[in-house]
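Shared chain: chain A. Partners: chain B in the first complex, chain C in the second.
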Partner chain A sequence: MTKPLKRPPKKDPQKRTDSPTLPPFARSRKAIAFTTMAAEGRFALQVCSECKHISYPPREICPKCWSMDLQWQDIENGGKLISETVLRTSVNTYFRERMPWRVGTIKLDAGPTVLAHIHGDVGEFERVRLIARTDKSGQGVIMALPEKETPNMADDRQLRALTCDPKYRRALVTDGRTELGQCMAKALSNAGATRIFVGIAEDWRPYEGSDELAAIPGVEIMPLDVTDTISVNELAAEMGDKADILVNTAEYIRPGSPLDRHGVTLARDEMETNYFGLLRLMQAFGHVMRSRGADRDNSACAWVNLLSVYALSNWPVYGTTSASQAAALSLSQSLRGDFSGSGVKVINVLFGPLEESWRQPLPPPKVTPQRLADTVINALQEGIENVTLGPVAEDVVRRYRQDPFVLERELTQLQMGMGV
Partner chain B sequence: MVAGAVTIPYERYSPEPAHWWLARALSELGKENGIGPDDIDGLCVSSFTLFPDTAAGLTQHFGINPRWLDHVPTGGASGVITLRRAARAVQSGDANVVACLAGDTNHVDSFRAMLTTFSRFSQDASYPYGSGGPNGSFSLMTSHYMNNYGVRREDFGKLCVAQRTNALKIEHAMMKKPLTLDEYLDARLIADPIVLYDCVMPCAGAEAYLVMREEDARAKNLPYVNILSSVERHNSFPDDPIQFRGGWALDIDEFWTMAGVKPTDVDLLQTYDDYPVICAMQMEDLGFCEKGAASEFIQGNTFTYDGSFPHNTSGGQLSVGQAGAAGGFLGLVEAIRQLTGTAGGNQVKRAKIAAVSGFGIINFDRGLCSGACLLESS
Partner chain C sequence: MSENNALEILTGALTAGQIDTVDLTHTLDPDFPVIVLPPEFGQCARFRVEEVSRYDERGPAWYWRNFTCSEHTGTHFDAPIHWVSGKDLPNSSVDSIPTDAFVRPVCVLDCSKESAKDEDFLLTPKFIKNWEKVHGDVPGGAWVLMRTDWSKRSGAEYLNMREDGAHTPGPTGDAINYLIETRNIIGFGTETVGTDAGQSTHLSPPYPAHYLLHGANRYGLQCLANLDLLPATGAILVCPPLKIKNGSGSPLRVLALVARNTV
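Then we have the complex of A and B:
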């Protein structure tokens, strides 16, 4: 049984913060494909299109029939631990700082044998289920979990290195005025976050749900206006070193394409929040988060961006909003670059039309703010970096994967009935 | 047909590049055997740390113009495999005298650097899991082997202790303090069940020998040995979920038939020994005992140079150190010394037939390359 995690002690300000060290990050191009699926929480291996042989490690050719046509497919993740060891020395600094470390050989029911990190609750020669996740270097790795849930399972030291579990962590929610921001704060509190800083712009202006928000255990209301550089910088100066998780709930959304509007005012407002707001947050909070990726029990672990799925491909009904979301998605990729090597994950949730007033006329199916908040918590607890939420978003992503150019045509032909 | 074995004394760390170690091996080979740049027309090299060069660049560096050249990348199997390549070249007339060199340097951080970029499969699928390097891979094999074949830590300990005894007279051995079985059993865990004394010490060093026709060796008045048989195999038994046997098991019949001798005719065995589990596997797979009988076999012999079933008579890599690819030559070079009666204080009496085995390249979860040869004194 996993020992329940204890609330980490308050950090001694005189102590040096460890520099982030990383597990090995060098991978082949095929292994990077494995990483992209691990980032979605998928356990996928290469399957030969001709002879159906499943192979591992990632390769270029089927070792059974020499076909070059190997397709990544989700694989039954059951298997058996056939050998294990506890490493007590390592040439790699990251692991050396974390010894002892348990690894083992798993024979998958599907065929191949893999090497994996082993959860502490897996017994000798027991059956396991495998998950693929990104590690602190941002690369895909495999971990073997007990077949059934065990008490405090998420608190396992090796598993927690792959996840961003909010338990005993501190989080910043950038906009608490909306139902989404409030659901997010509540969900973080429920998930065990100890302090939840919630940003409120222009706090003299009343807003619905303010009393309930303030009453959530752990919530601290902070002045924050993402459209104001000074406001963002002031908050970062005050609590930036305590943001283990940052969830950017701030959004500015208005219907309309360029021809539906006069001038650029609305579009500029959208950019101020959706793009420049994100940029300000990155510049104010990014440096300190990046430096705290290895701060042991108090480490920074995740930056969460909530984006409309039309960030991938513009839907003219919300044409300029989509453009600002596309800009934000692009910036998020840049943040991944900045955070690479820090151990802090950038999580992108692409969602379909949200159940809120600016999307009121759009038809169902919609995503409730509660569901979006729960999805963020799940992504954090599971350590998943790329999430698609809701039937509309799933549909758009599926089309996007099939052919982004066909999707572009579909979205621009006589207003298809999909919504942000 | 094989002659002129030389070993360049190992060093834990060396500031010199691999080129220096290989050059020194060549220089010694020349001095010992009275030959110079004009006397060899074949070169075969094995090295991990020679980057950016290969055997090709070394021809100019060494001032030779061979008509036959090879670079063997099989690590711990390189001794036997180099021998096979060179012997075929001489047999078919492609070369008359082949210098076979293996050597690597060991700078302060070069072992870690080598593990980081060892191979694509290890980079993608094993190194990210705790970066235990070979300790990790062999601990999984050892654990599985112990569970399935009843081999105990005492058995592995006995092999390590015997090799340490053999190493005590070896001038350049990294480990020269006597080792007891109790010390082995109480040793610090490295990667369960592997302990400190199961692991080899990475170091710098080089080993070399010459391959030529018998009549040429006699004309030069060089002590030499003959090759009775040899085999090699790569990626054997790919469907075994974890390695418990090597390529030897596939080739064992041909190995003994070709030589016309039996395992009981063998006077000494040199196995590849980075971790004793692989020694036990080689003893089984080469037919010195049945599969699953290694524990009994180990308890029935002393493995010292002056006892029963002399094994790794120069102390092996476990006591002498692992000088990269030279570790693949160590057993072969020692066997040549034993069969030519030049093994000094560790000489096995009346040594006529030696078996030498190699194992190398832990690519992902297992060693890919295996080989073995039988040698006879002239």
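Then we have the complex of A and C:
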């Protein structure tokens, strides 16, 4: 079993906060494909289309038959630990600070032998299951976990370096006025977050669920309106150095395409929340978060964006909202650039129609706010950066991968909208 | 008395400190409540500011900001063109209203006790007539302000919004008709978020202050403060809105000139 993580003590105000240091980040272009899939939580390797040989590490050509046609495929992740080394010295600053560190080689049932980080509960020559995740440098790595769940497994410090586990961390939920925000706060509390700051805009307007929200263990209601720069900056000044996890639940959605709309006022409101709101949060919270990527066991670790899947490709039924979501998605990519090398992950969840009032006329299947909240917790606990949620979103993403231009045609054709 | 003498008396009193300038305005603050309409309608923009520079790389020696808001955010003026009943009237937008409307005598109807007892208190002609028995008739061309002490409320208490809507005091249609037809007032003002009561959508006509005042080319003021510092009669109201082309209203600074020790 893993020694359970202790709640981090209060910070010694005389001690300097460690700067984030990084494990090796250089990767080939082929290996970035591995990282991309690791960011989705997929364990995939290259398979030769001609001789079916599975390659590891990522290569330009098949080492067996020299074919250049290597395709990434999900691989059975079972295997056996065949050798291990405990690093006790390293020229790499990241590992020097974290000695000792287990690495080893795993013989996969699927064939290849791979190099991996080893969970503390894996015994010599035991069977393991492999996961691919992004590490603190944002690159894909493999970790070998015990085949079966062990007590306190998530607290293993090598595993925790790959995840954004809410346990003993402090989180900010940017909008608690909605069912989604309230489910999110509750889920973070259940997942062991010690403090959950929940933003409430315009407390001069009552909202459903306010009493229940305030009663969730760890929840602290804070004034926050993402459309108001002063409000965002004031909250960041108050608790920005305690935002280990930020979940942006603020959303503004209205049906209508450009021609359904009369003027730009609503579209502006959408941008104020969905785009400028995100930008304000980034400018207010981003600097301190990225400086705290290595701040002990409750370091800053994740910025979570919840985005409609129509951020990928516009659905005219919610045309201008889709456009503002696309702007937000683009901005989140830019934040990935800003956070690169900080050890703080940007997690994007692309979801299909939510079960909430502005999407009320849409047919099922829909995603409940509870399910979205649970999915965020899972992504944090697993350290997954790109998540697609719900059958509609999965379908859109699948078609987007096949051909974004075909998807655009399909979504914008007459009558196609409501069936999606 | 000639016009020049009147001004001399006024300036003399001002410089001698015999006149208080009372500010009837709430600070424009992003968190100040605005009227909330059913969500499928367009909404009143909140007051917002964004820095352009603050003695920094964006402008090393100067601080300035852009602000945005609705024509009906904060303490604000309603022009007749704001309402459908006033849409075709002449000189009915803030830029075209004759400026003498902005400096007028003001009467204050103290409904604070009634509003404390009943948050849905409605001002009636009877109430006004009783007030006139004490203070004399409302003079023609005056502003009439309804004091409720609502401006002393803050947060959720101010809009007092419940599942069946807002609960705040305001006038009946009969009271507004009396003030317009019998007393020929220039405008009517309140401390609440609108000139009408919170439940006025259920009155007939709905929103009687808006409908009747603006239909008669009269003006509105709302979100006023400090009405408890004004005498029932004898003060002068100063309330020029911004000169916005075709403006339906405007946030503004509202002042009252009050002879010292008259309250």
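Heads up, the rule we're going with is that the second predicted complex is superposed on the first by the 415 of 420 C-alpha atoms of A that agree within 3 Å, B and C clash if a C-alpha of one lies under 4 Å from a C-alpha of the other, contacts with A are read in each partner's own complex, and residues count from 1 in each chain.
The definition used in the following text is that a contact is a pair of C-beta atoms (placed from the backbone, for glycine too) under 8 Å apart; a residue touches a chain by one contact, two chains touch by 3 or more.
Since we're looking at a predicted model, the values are computed, not measured.
Enquirer: Determine, for the superposed arrangement built on chain A, whether chain B and chain C clash or fit.
Expert: They fit: once the shared chain is superposed, the two partners occupy separate space.
Enquirer: Looking at A:L87 after the superposition, I want to know if it touches chain B, chain C, both of them or none. Which is it: first, second, both, neither?
Expert: first
Enquirer: For A:K107, select first, second, both or neither according to whether it touches chain B, chain C, the two together, or no partner.
Expert: Only chain B; A:K107 stays clear of chain C.
Enquirer: By residue count, which of the two partners contacts chain A more extensively, chain B or chain C?
Expert: The partner making contact with more of chain A's residues is B.
Enquirer: On the A-aligned overlay, A:Q381 touches which partner chain: chain B = first, chain C = second, or both, or neither?
Expert: After superposition on chain A, A:Q381 lies in contact with neither partner.
Enquirer: Touch check for A:S257: first (chain B), second (chain C), both, or neither?
Expert: The answer is neither, since A:S257 touches no partner chain.
Enquirer: Applying the document's definition of touch, where does A:D225 land relative to chain B and chain C: first, second, both, or neither?
Expert: The second partner, chain C, only.
Enquirer: Just chain B (first), just chain C (second), both, or neither: which does A:S49 touch?
Expert: Neither partner.
Enquirer: Touching A:P63, do we find chain B (first), chain C (second), both, or neither?
Expert: First partner only, chain B.
Enquirer: Considering only touches as defined above, state whether A:A31 meets chain B (first), chain C (second), both or neither.
Expert: first
Enquirer: Pick out the closest CA atoms of chain B and chain C after fitting on chain A and give their distance in Å.
Expert: Value for chain B versus chain C, nearest C-alpha atoms: 38 Å.
Enquirer: Where on chain A is chain C touching in the complex?
Expert: Residues 202-206, 223, 225, 227-231, 265-266, 269.
Enquirer: So in the complex, which bits of chain B are touching chain A?
Expert: 111-112, 115-117, 120-121, 123-133, 135-136, 139-141, 143-144, 147, 188-194, 238, 241-242, 364-365
Enquirer: Where on chain A is chain B touching in the complex?
Expert: 23-24, 26-28, 30-31, 34, 56-58, 63, 82-92, 94-95, 101, 103-105, 107, 113-117, 135, 137, 139, 141
Enquirer: What does chain C use to touch chain A in their complex?
Expert: Per the touch definition, chain C meets chain A at residues 30-31, 33, 36, 42-43, 45-46, 48-51, 154-156, 158-159, 161-162.
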